[in-house]
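Each of the two complexes below includes subunit A, the first together with subunit B, the second together with subunit C.
Here is the complex of A and B:
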């Protein structure tokens, strides 16, 4: 009960933040009711997915200050568990998704124990390496379709099917991922005020001091890494049902790991709203720049240049991301 | 008198309005939108440019009259059965990303209201895009993806004009077998022991991994030994360890399935490590992209690639020569396997729409299943286009065939592809063994 109370308590935020967040929440809820293009819907789903990925990354990367660049391996574990269980044994999403989370958390413990002996850049490099190794293993593992991957056939699994999460219209996927998104925000709101949340911030500020205060630094990091992993794995399972086709190159590539970290960092690592702001800017920007300029003859590739330019400008202006800019402006006003 | 003038003015006005309306009526046939999803950026951007140029050329020929091209679709404007409606291609860039491809397919179907879809070159992307089309009941004609699995899924809204890798790999092993039987032009029978050992390196998505598996299974069937078979990432910036491991088994024949950037890198690395295979063969794609030839120049003399179109086909097929000449004027170089297949894909779309006489999906489906485009209408050297409606390979063009070309240098120092297989169509003596570096 106390946990739920804490999750629902946003009173430490300025009123303006709550008004903006509340308005956006209502907007998200009523978005499907308004006329919209399928492209806008796909962009919204991508935004919500990457917000959740970012929230997961934010626990260990933002609050804990451990730059994890290997989240794609957990996207893969979630996506593969759901697809393999569905395709091979016809086990529905709502059962396979938690199983995927269990596998991902288990794997995170296996990796986390040795990885958190490393610090700084070495940790970041090690996370990349483990993710790439797992991807390579999946690429030669016939049981999971090897490099060709697995397909959830629209003939074998006809829509609509809520249990297997197979729909024709994207609006149903939107409803499901929006549900996960709200749960994710509540969880993160609880997490940042939890004992573990405070421990992590202490570790981030000064690991030695944190240790001297009696915090089990290694265990705190491993636990948080597992939480981050669970978030990512849930969205990975969702991704499999949404796309209906997974393969290692698409699901577990380094690009995904970097994009997850980039969104959270750009929005503002270590803040509740940071990953959402990052995804809210970068996902529509990427999609719409591509849509407007991407396939236009003579302008091919210019969307990528503009996209990169915006990222560079924001990071050069305020390394703490967009949320850092907001706070800077607020401090100046005060 | 006044009323007569008035009446005259009314009549003239009415006639003028009718006159104005008549051409509007003629133009009223709305353009038929076809969504085309290709890799316009990323590792396969070079092939994407080729594909786009080929598709655009076909649309241009369909939409206007070209008396110097002896194709039915060049004789009239647009699709006759749809009131001369023009074909409009709506291009999208999938970057080689299957997830993005699926999103783009939904956008094309729901937002752009396309009648059908074409693409996507990368078999992995075609897989997700065709699944979206199947779900929405929208026809998709695949012009350029060769993974055999694509037509083995029992889809009702998916047709493929290009032959797939089973056909191409059969050609490769028939070529190797023919080499041992002395069938290759200008080469005496090669003892099998000299080309017994094979090694393959294929990019590791849907397409490459399928090619790799096919090579292994065909090698067994034809009595060759695959000494090494590796999968690599097409995005790799360094292939030295891959080439090193291939070289270590001392293969007689090196086989590749690569996109443009990795094909170029692979050949450069092979040269740097002084690889000495007797046969070096590429499974189309990167091995016949214009960039491959322009970047590597003399280093590719003797390299073999499977394809569906070679400029030399123009000398045997009149219509191919006409279209190739037109393409050269527009783009600056000859048609490649990619552009020729994209051209043929749009041509198939036009023929299907012509037969359907409607843009309703069910009518298009019926027409696609019944269509037969004769060989003399095609620029590619196939027996025609006719899709399988039953059996394992539903939607596959059963009249397609492949070729193997070899890069050779002519008297003027120009490097071009000569037909090496089918042996009876060979346009030059085969260079054997591969000259090496």
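Here is the complex of A and C:
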């Protein structure tokens, strides 16, 4: 009961934040009613998906301060579990998604236990490496389609299918992911105020002090890593049904891992709104940049250059991202 | 019965002997001072007791239980808290949030943690700092917050590592009041490392002196001030003339 109350309690935010957040929530809800291009719809879905990825990353990366650059492997585990279960055994999304979460969380324990013996950059590098290795494994694993990937055929599963999450119109996907999005925000709102949330922030502050306060630092990190993983895996499963054609290259690539971390950092790591702000800026930018410049020869890598620039600016000027700037201005005004 | 008992505790860093076969006991309800020159191994000893460092040899008992091999968080959960000399904080948490982390050792409920943290801060007279960020505070206040956070875990034994260093006489007076309050009102056993003799000699029941990693003296403050070995190693002739011999 207290958990639910805490999840619904946003009262520690200033009024302005709540008005803005509320208006945006309403805007998202009624967005499909307004005339929009299919491109805009696709961008919105991407935005919601990446917001959720970012929220998940934010638990361990933001509140816990452990820069994780390997989230793509869990996108892959979620996406592949759902696709394989659907294609091979006709098991629908709502069953395969939790199974995917279980696999992903299990894998996160296997990795988390040794990886969290590492700190800082070493941890970040290790997460990249494990993610790339898993991707390579999937590229040669025939059961999951190897490098060709797997396809969810709309002929075999005629839309609309609410159980299997197979639709023709994007608006259904939009509604589903929007639902996840709101649940995600409520969860994160609870998380940041929970005991684990506080302990993580203490760990980020100073591990030695955290230990002296009875916190099992290693276990707290592993637990949180599993939570982050669950978030990412759910969206990965959704991604599979939405894209309907997955391959290791586009579900588990390094780009995705970096984009997830980058968005949360740009918006503000360790804050509730940070990942959403970050996704709100980077996803449209990425989509439209691709649209405008992508086809032009020689400009294909321009989004990567942009990411690099953002990383440099954030780390040089404001490690707490955009939300950090907002809070600084507010504190100064007080 | 002794609350804390050290049995020939030795800690080596490579060839450097930081603590050599140190044995002593701290009784329940005692207020014990630990003094000695810089580099004598006082903080290392705290680190060994609190489980931050594994000891090279020897054994440590807390309330009859052998805690030698326990990790820092396990020791903390048994009721042994400590403060840190240098408090490095990134400034993510406000003062009350810091103290709440301590409270969360005994409760899952945020509202209860918040209420308890508020009480601890009020107890130490720093309630007005609640919403400040730790790294914005002057050293004197940071030390008291560190103390408050440790107290929030409701320990039976509190290890204070130089909480009065760098403070002016007025602030020392205040922190002395805080230590007395914790000891008398909250009933905690306290062990403190301190260089400020006015403080340690005034409030300690008993003082232990370390030098080059070894225990060179142990006894009542008055006796320690007169001990020739302690005078030679740490206090100096002048201190002895002014305080002990007179």
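What we mean here is this: the second predicted complex is superposed on the first by the 308 of 334 C-alpha atoms of A that agree within 3 Å, B and C clash if a C-alpha of one lies under 4 Å from a C-alpha of the other, contacts with A are read in each partner's own complex, and residues count from 1 in each chain.
Simple rule for what comes next: a residue touches a chain if its C-beta (ideal position, glycine included) is under 8 Å from a C-beta of that chain, and two chains touch if they have at least 3 such contacts.
Everything numeric here is computed off the predicted structure, so don't read it as measured data.
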{"item": "First (subunit B), second (subunit C), both or neither touched by A:154", "value": "first"}
{"item": "First, second, both or neither for A:212, with subunit B first and subunit C second", "value": "second"}
{"item": "Contacts of A:245 with subunit B and subunit C, given as first, second, both or neither", "value": "first"}
{"item": "Partner chain(s) touched by A:15 [first = subunit B, second = subunit C, both, neither]", "value": "neither"}
{"item": "Subunit B versus subunit C as contact partner of A:38, first or second or both or neither", "value": "first"}
{"item": "Subunit B versus subunit C as contact partner of A:333, first or second or both or neither", "value": "neither"}
{"item": "Broader residue contact with subunit A after superposition on the shared chain, subunit B or subunit C", "value": "B"}
{"item": "Contact set on subunit C toward subunit A in their complex", "value": "50-52, 71-73, 76-77, 81-82, 84, 87-93, 97-98, 100-102, 104-105, 107-111, 113, 149-150, 153"}
{"item": "Sites on subunit A touched by subunit C in the complex", "value": "2, 6, 65, 193-195, 198-199, 201-202, 204-206, 208-217, 270"}
{"item": "Subunit B residues within the subunit A interface of the complex", "value": "40-41, 45, 52, 91-93, 97-99, 102-103, 106-107, 109-111, 124, 127-128, 131, 134-136, 147, 149, 153-155, 204-206, 208-210, 231, 233"}
{"item": "Complex contact set, residues of subunit A against subunit B", "value": "37-39, 42, 46, 139-140, 146-149, 151, 153-155, 159, 168, 170, 239, 243-245, 247, 249-250, 290-291, 294-295, 297, 300-301, 304"}
